[in-house]
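Consider the two complexes below, in which chain A is the common component and chain B and chain C are the respective partners.
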Partner chain A sequence: MWQQIRINKRNSLLLLMGMGTVLASLGFLIGAAIGGVEAGWIGILVASGIWLIMMLTSYFGGDQILLASSRAVAVTPDVHPQLFNIVEEMKIAAGLPKLPKIYIINDPAPNAFATGRNPENASVAVTAGLLARLNRDELQGVIAHEVSHIVHRDILFVTLAGVMLGTIVLISQLFLRGMFYSSLSGRRYSSRNSRDGGAQAILMLVAIVLAILAPIFAYLLYFALSRRREYLADAGAVRLTRYPEGLASALEKIAGTNINMESANKVTAPMYIANPFRGKKAAVNLYSTHPPIEERIRILRNMSHGAALADYEQSYESVTRKKGMIPGSALNDESVEIRAASADKRPVSESRQKREMGDLMRKVNGFSFLACPCGIKMKIPPNFPSGQIQCPRCSRVHTVDKGKIKTSA
Partner chain B sequence: MDCAVCHNPMITLELDDVETDYCLSCRGIWLDEGELEQLLGDTQRALDLLGSFTAADNCTEELRRCPICGKKMEKVFVGPPAGQVLIDRCKKAHGLWFDRGELEAVLHLGRFDSEGKIPKLLGQFFKNPETKGNPAPS
Partner chain C sequence: MGPMLILLMFLVILTIVLVAAVIGIYNALVRLRNQVDNAWSQIDVQLKRRHDLIPNLVETAKGYMTHERETFETITEARSRAMGAHSVSEAAKAESALTGALSKFMLVVENYPELKANQNFLALQETLTSTENKIAFARQAYNDQVLFYNNKIQMFPSNIIAGMFSFTKRDFFEIEDAAERNVPKVSFS
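Coming up: the complex of A and B.
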């Protein structure tokens, strides 16, 4: 396990260095293209400055940035007691030093992600759609997957790389647009200094090529690594829950819904347990953030002997026919037996799921719930102006208790 | 969600697995997409009623905005030509708006009075439509 974490930490560092190098050379070339070699050094300086600022911000506030941009709301246990119960359980199983902060995203598409700096400062976010659709075993599988990301230190990597990638894309875009507009205003640069005009033209060309390539290169690096991390987190989740079927059927349910997440974007996509953008069936290639979900399910369902990392590795090799990806030392783990399914197998109708999801979103948004003795249930928004409400069915007057359900955010 | 007519916050009512949004001050009712179908069930009469929606093009009644997307809704007639009811429908299919009494009238058109679920939830709203002393939101 430790070797695996070390490899992840090293990869994080390598990726960050790689990203830094890309950013610096981009800065140099852009500078050189605009004002010659001396300006190239200034370009490096500026790029490094930006890199440093972005890194510090993302290290100390990246999780908050990502959570806010995903519109996640921190919640208290009374909003969803079972979720807290499962996170607590997985925290103990994984030996986390502290309970991760729990967020709910108001989105009907089922999905989840983890973010943070280290196991002491971690957060888990799940969508309302996920909570409405999954039973306890499945939810446990998903939470275990996210907790594995925390244990493997994937969260810092993804947070840093996400912010870094955003920066590279931003600079290239700025440069490309700048080029577009300056080329409209005439050939000012080459005519002013005819002596090194040829060299500058070449530099300019390289800068353009790089500005186009850098984002692609960055995406490739980022995505290729995040795919392997998904398999590792699946393996970790099985080990924590001792129940591969839970995660498998959760992934199946997630794959079975064709709702795009409104609150996700290109940069936050790799954080989620399953790619938040479906709709079009994209071929699996270097560019996809997640391994094909069907393959992940097949690997999980193929595990029949035990729930240890070595069992996952074996199943991975037989399903994908590729060499395994779990580091050697982690495989000498104790053997873990697969447990039986838990009793919670509630078969619920789709309309009921939809209503439960609506209720959950209302709880997150601070609605109060009133049950009138006549049998009607009233759900009152937090901006309801009056403190009293009359039941439209039986005319009883109720007092609206606005402090009853509150979110901590 | 705010009322399409008086813009006060609406409350949600739930009874026997049916959910509706209700404005306490003007007594208008909003049904999300699919909720009317859920209310009516899938009897032939319900399907006939649902199939009778016709656009009311030259209608002078003020256009309301959809409480979900904020876009202007269109006016549609429901029911047979003899006793049509004019309601508002979101063009993006977010749902239907019924002014006070309109849902009752629509249900009356289909004679659903005897079918349990609807009288239970809605019929009894309308039993005392003139309830006094309701704290009017200011």
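Coming up: the complex of A and C.
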């Protein structure tokens, strides 16, 4: 685990330095193309200025922006005690310094993500659809995956790299559009003196090529590394829970539903445990943010010897026929036994799941429930004025007073 | 004069490097030892939580399970023995006895459908499942830390510094009975 963190740190640093170089040269070339070499330095300054502002915003407010844009609601333990228990179990297993904040997203598509710049400021968000479908072991697997992301500092990486990527895309777009409009209006930025004209034109050409290529290059790098991190988080999850089948069957259930997440978008997609967009079932390509879910399930199911990182590595190699992806120094020769399943099998029907999901969503939104002795359950909205409600079936009268419910026959 | 000065400087630099290395290793060992202590206290927290949970559980179940006095006595006795344990190995033994008593209790619960329909009891059951899991995970985290720490104080060169400042090996939190190895599943449907 510790070695994994160190190696992740080094990889992240390399990636960020690579992206930083691209960003700086983009700034320089655009500046130089517009106003000569001296303006190149100003270009770098402007580029890093934009980056710095975006960086600070996302470092300190990124998790809040993300949670808000996903319409995640912070919940208290009484909304879903089991979820809180499981998150605390994983916090203990991973040795996190603090319990992550827990959010529920009102979305029927099963999915989950973690966010926060470090383990002290982490949050875990799961959808209502996930909670309704998974049993205890499966939910534990998903939470363990998210906690592994927190332990591996993947969230910081995704934030930093995402911002860098965003800046590169933004600057390229600004430049290319500026070029397009200025060529329409027939104005030219460059070559106030004709001696520099040739060099200036070449600079301009290079800048345009870079502005087109840089975002593509940055995207590819970002996605490739985020795919790798999904495998690593799976391996970490198994090591924490000692139970690969839990995560495997959770992923199977997630893959089995064909609902797009309404609250996700292209930028936040890499954060989720599984790709929130299901529209087309394309094979994994360079633009995939996640490895194919079927392959992740096969790797997990193929782990029969133990739950150590080395066992995942072995299974990964035999399933994908590719070279391993966990760095050698993180693989010690520990032996970790796989535990037995817990008995909560959740044999509930689809209609019951739907009803539970609806109840959960209402609970998250502050509804309270009124169970009439005749068996009917009434849903009281949070802004319901104090007063009396009559049961539609048995016409008992219930009194609602600021959320407190009294029944009189 | 020249060679003497170079030799002197070499010795000074060597001493500085050695001292720095000793300080570095010593601090790393202290950090690891603290992590082991912290992991141990995490187990303690969860065990205490289980101890606190038992009276409540017994109280709720007693009304329904009138013919199980023996079961309740075993649990209560195991609890008080666990609370009075002094050493790590003693505590481990007593706690695994308590775990055994609780899982037996949960098997007996299956015979009392009215108890299993009690909302209060169901909530207690989830809390107990989770507490058992937390104990298992805390123990897992503790053993990971102990392995890491023990390896460190046995391996060269940190073993020299560990010997000088008497860092001693720690016990694993092991379970006596091989059948008890799968504790996370004190589960009941």
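FYI, the second predicted complex is superposed on the first by the 374 of 409 C-alpha atoms of A that agree within 3 Å, B and C clash if a C-alpha of one lies under 4 Å from a C-alpha of the other, contacts with A are read in each partner's own complex, and residues count from 1 in each chain.
Please note the rule applied: a residue touches a chain if its C-beta (ideal position, glycine included) is under 8 Å from a C-beta of that chain, and two chains touch if they have at least 3 such contacts.
Because the structure is predicted, anything quoted here is derived from the model rather than measured.
Asks: In the overlay, answer first, second, both or neither for which of chain B and chain C A:R339 touches.
Replies: second
Asks: Kindly classify A:N118 by the partners it touches after superposition: chain B alone (first), chain C alone (second), both, or neither?
Replies: A:N118: touches no partner chain.
Asks: Contacts for A:N85 in the overlay, against chain B (first) and chain C (second): which applies, first, second, both or neither?
Replies: Only chain C; A:N85 stays clear of chain B.
Asks: Just chain B (first), just chain C (second), both, or neither: which does A:G95 touch?
Replies: second
Asks: Is A:G375 in contact with chain B, with chain C, with both, or with neither (first, second, both, neither)?
Replies: Only chain B is touched by A:G375; chain C is not.
Asks: For A:T57, decide between first (touching chain B), second (touching chain C), both and neither.
Replies: The answer is neither, since A:T57 touches no partner chain.
Asks: Per the contact definition, I'd like the list of chain A residues that touch chain B in the complex.
Replies: Listed in rising order, the residues are 351-352, 355, 358, 362, 375-381, 383-390, 392-395, 397.
Asks: Using the touch rule from the top, collect the residues of chain B that touch chain A in their complex.
Replies: 1, 8-17, 19, 22, 24, 27, 38, 121, 124-125, 128, 131, 133-138
Asks: For chain C, which residues are in contact with chain A within the complex?
Replies: Spelled out, the residues of chain C in touch with chain A are 35, 39, 42, 46, 123, 126-127, 129-130, 133-134, 137-138, 140-141, 144-145, 147-148, 181-182, 184-185, 187-189.
Asks: In the complex, go through chain A and note every residue touching chain C.
Replies: Per the stated touch rule, the residues are 1-2, 81-82, 85-86, 88-90, 92-95, 136, 240, 242, 334, 337, 339-345.
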